[in-house]
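After this come two complexes, each holding subunit A, first together with subunit B and then together with subunit C.
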Partner chain A sequence: MAFPQLTGQMIAFMLISLVVIGSAVAMLFTRRVIYMALMIGGVFIGVAGIYVLLNADFIGMAQVLIYAGAITILMLFAIMLTHHGHQEQTPVNGHTIFSVVAAGGLLGLLYWGFNTVDWAKWQSMSPKTDAPEWGTSSVKAVANSIYTQYTIPFELVSVILIVALVGAVILARKEEN
Partner chain B sequence: MEPTIVRFLLLAAVLFSLGLFGVLWKRNIIILLVSIELMLNAVNINLIAFSRLGLVPNINGQVFALFAMVIAASEVAVGLAVLIALYRNRNTSDVKDMNLTKW
Partner chain C sequence: MGPIIEQLTFQSVWDIMGAEVILVLTGFALLVLDLFLDKEQKKLVPWLGILSLIIAGGLVVRNMINIQSATEIGQLSGYLYVMDDYGSIFKLIFIVGSILTLLISIDYLNHVKLPKSEYTYLLLFATVGAMVMASSLDLITIFIGLELLSIASYILVGMRRDSAKSAEAAMKYLVVGAVGTALTLYGMSFIYGLTGTTNIAMAMDGIAGVWADFEFLVMLSLVMMLAGIGIKISMVPFQMWTPDTYEGAPTPITAFLSAVSKAAAFAMLFRVVLFLFSSHINEWYLILVVLAALTMLVGNVAAVTQKNIKRLMAYSSIAQAGYLLVPIAVLGKAQSGLNVFQSLSEIVFYLAAYVLVTMGAFAIISLVTRDADSEHIESFRGLYQRSPFLAISMSIFLLSMAGMPITAGFFGKFLIILGAIHNQSFWLAGIMFGTSVISFYYYFGIMRLMFKKETDGIEPKLQTSGTLSLVVGIALIVTIGLGVMPDALMDVLGKLAWFGKA
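Entry: the complex of A and B
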């Protein structure tokens, strides 16, 4: 059997997947809450790499700015405002077993679903292009789409964002008597 | 050997399952919110993979992923505000202590 030749894309994909899944597992199993917040930063950066690999440059940069920048820092603030030492490890009980069975069952179900698809036929049907369908600039394509076809959803999302942020300020404010 | 779409889908499935496991297993509310972010990221990977490698590749998947990101940011902001209000009133960040409406 000939060893399949690895392309640069495949090597990059494997390395990034390793970083993403490794960070996610480390985040779930480390004991200190502050390390968990740092590990989730690794997951977010890795997912941004996946987006760049899929020619979605703008979404990748937005991922770095919004997730790795803003959300990770917000999590760190929340951890520092509440107090945490060592998180006590929950002993193996019914709760843990239920969690493992539910998450593993979902993964098994999805894997079974992937195996039922005829991927060779998919490959023959899908347009195999080296360049993405939207040309070289994904920024231009996303902007064209948002400001023509999706103008109203875009405005609604802006309204949701401002309502949520104002609501967050009101919820977190100290109440005055 | 190219990274085909099923590899991206498998990566997203593993990430989603890890997030679900964290949501079910952990008891700290901050870690619960982080695990929900993992699941949202897995869904975004799917959207962008189909927008590039799907049968009808087009830009809509990226736009949807952008919208999902905005909703996720609002969700985290409100969730952390609720957490801080809870911590001020009851001095805890454990889901087991959020039992005011339990009877």
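Entry: the complex of A and C
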């Protein structure tokens, strides 16, 4: 595996990845829900950084506004308004060991697999241009796709939202007697 | 800016996705209507749902008739959404399944306190999700259809607020389903990365071109998607959630999951996985062969020891998923493109028989378990004395699932095994035959109980409600009808322009 060139972008990517992976792992190991919610906020912000690095500014901003902002705060409120006991440490048993081995195996397989891929060829297949066909504004590009080619899925998403909203109300409302 | 996308017009949308439009509009109408109805009037809501489904079914049939005379298939947004007979025939299966689910639900909702309107329109939206999965030729749209179906079914499973099992079922389904969604999406992302398009037909050519250079990525994408869809069809080793979820869900919803939701996932499996990776199928079909064999074995063997009828049906439905994987797995050795259509006919025939039989069986299960207030298979003891009609119908449904001659299930299995032998997959045909023999054991177990004499005196006769009798009657007619005259459906399937005229 060729060592990656240390450009500014590469360093930024590595730092952001550290934040994302670190927050995700920390989230799994904390025992208090409130810390988990904070940690997942870290993951969301980190992912937003990756979007920005990939020149998808609009998605990056949307990620910060919706996920890092709204959803994390919503989760924090939900946690604060409900009662939570302290979670006990789960004991290590056969199931835990099996999961660790399986997840580790998958990680190893993916690491090996991604190393066998000829990424130089990938680059040559879709070269990075300074003037992409959709112009420099990613907002325009997103809007164009949503309102021309992807109108049908866009409309269907609104049905999903209604279903999710109704579901949340049904599952959360008090039993009527 | 890529290919020019012609604008959507009301007319074109109505022509191609009229059925979906009707169901979505009815769903929203019921949502608003719910505010103005009092308790008695709400009983009408499921009937309105059935009415809209019948209209939608009519529109699908209209599409199927139209396409017979058309020169090319209908499409929207640059083949993002297509109207071909492949999608239409699956849509018909979903619609019939949903109508029967609602009929069972009408009886169920009279006895179990659930919000009737919400229940109805969530079921309609779930059906729309299934229909989108069958008709879309675009990864993003298919994914949204999958999510619509999944989210609606999570809620429907967890609707019984008074039952801890229902909550557990919904939670398990949600967590496992979310993992499946993530896997599917991850797999799809590689397709987009490799081909630069989300359109399945275009990506198919792209994948064939990059296979040699990026085999690992393509295979990874294939395995991820298989795992994600495998969770939906409860394929081994992703079947763990099935028994718990089927047990905890309201009985009509169990029927819906095991029939419509599964059929939708098969529609997606065939369209997405088989199409995208068809160019090198002989390199990966062994994955499917192994999974199909495992699914048949695990489902049937685990079912033998089950004492809860809904868990038993869950394992039986895992086994059925295994049978349905066989026609896809044998395509690895297919000699010509015609075999694809043969496999498709087998799947559709089997699914049609399976959906009807499942609905009939669950209608009876819903009644018997409610009457006995227990889901133990012992509640079927002496059913023959209490209601000969139900006992005989249930026996026929069970025999059809097992694959006894003169039922639809027999011809379904017979066609699949024949197709497997035709494609030189003798092992798979053998395993399917062997596991079917195991299945006779547990299906006969229930039948034996039903025809046994009641030990403690005379039980009162079992009253069936009109809607349940209707479901059982329809299922019975189709099961025996297709068993005696399978050609009736096979002729129709033979005339279909599956993916447009060749």
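Just so it is clear, the second predicted complex is superposed on the first by the 159 of 177 C-alpha atoms of A that agree within 3 Å, B and C clash if a C-alpha of one lies under 4 Å from a C-alpha of the other, contacts with A are read in each partner's own complex, and residues count from 1 in each chain.
Here is the rule we use: contacts are C-beta pairs under 8 Å (C-beta built on N, C-alpha and C of every residue); 3 or more make two chains touch, one makes a residue touch a chain.
Bear in mind that the values here come from a model prediction, so they are computed numbers and not experimental data.
Visitor: Considering only the touch criterion stated at the top, classify A:Ser126 as touching first (subunit B), second (subunit C), both, or neither.
Guide: After superposition on chain A, A:Ser126 lies in contact with both partners, subunit B and subunit C.
Visitor: Of subunit B and subunit C, which one contacts the greater number of residues in subunit A?
Guide: Comparing touch counts on subunit A for subunit B and subunit C gives B.
Visitor: Does subunit B (first) or subunit C (second) touch A:Ala37, or do both, or does neither?
Guide: In the superposition, A:Ala37 touches subunit B alone.
Visitor: Could you look at A:Ile71 and tell me whether it touches subunit B, subunit C, both or neither (first, second, both, neither)?
Guide: Only subunit B; A:Ile71 stays clear of subunit C.
Visitor: In the overlay, answer first, second, both or neither for which of subunit B and subunit C A:Ala164 touches.
Guide: Both partners.
Visitor: Figure out whether A:Thr116 sits in contact with subunit B (first) or subunit C (second), or with both, or with neither.
Guide: second
Visitor: In the overlaid three-chain picture, which partner chain does A:Ile146 touch, first (subunit B) or second (subunit C), both, or neither?
Guide: first
Visitor: Find the residues of subunit A that appear in the contact set with subunit B and again in the contact set with subunit C.
Guide: Subunit A residues touching both partners: 110, 114, 117, 122, 125-126, 133-134, 144, 150, 153, 157, 160, 163-164, 167, 171.
Visitor: What residues on subunit B touch subunit A, complex-wise?
Guide: 1-11, 13-22, 24-28, 30-31, 33-35, 37-38, 41, 44-45, 48-49, 51-55, 57-60, 62-63, 65-67, 69-78, 80-85, 87-88, 93
Visitor: Give the list of subunit A residues in touch with subunit C in this complex.
Guide: Residues in contact with subunit C: 110, 113-114, 116-118, 121-122, 125-126, 133-134, 144, 148-153, 156-157, 159-160, 162-164, 166-167, 170-171, 175.
Visitor: Quick one: in the complex, what on subunit A touches subunit B?
Guide: Interface residues on the subunit A side: 4-7, 9-10, 13, 17, 20-21, 24-25, 27-28, 33, 36-37, 40, 43-44, 47, 50-51, 53-56, 58-59, 62-63, 66-67, 70-71, 74-75, 77-79, 81-82, 84, 87, 90, 95-96, 98-100, 102-104, 106-107, 110-111, 114, 117, 119, 122-123, 125-127, 129, 132-134, 138, 141-142, 144-146, 150, 153-154, 157, 160-161, 163-165, 167-169, 171-172, 174.
Visitor: Using the touch definition from the top, list the residues of subunit C that touch subunit A in their complex.
Guide: Interface residues on the subunit C side: 1-2, 5, 8, 17, 24, 27-28, 31, 76-78, 80-81, 115, 118, 121-122, 125, 128, 132, 138, 140-141, 144-145, 147-148, 151-152, 154-155, 158-159, 161-162, 196, 210, 213-214, 216-217, 220.
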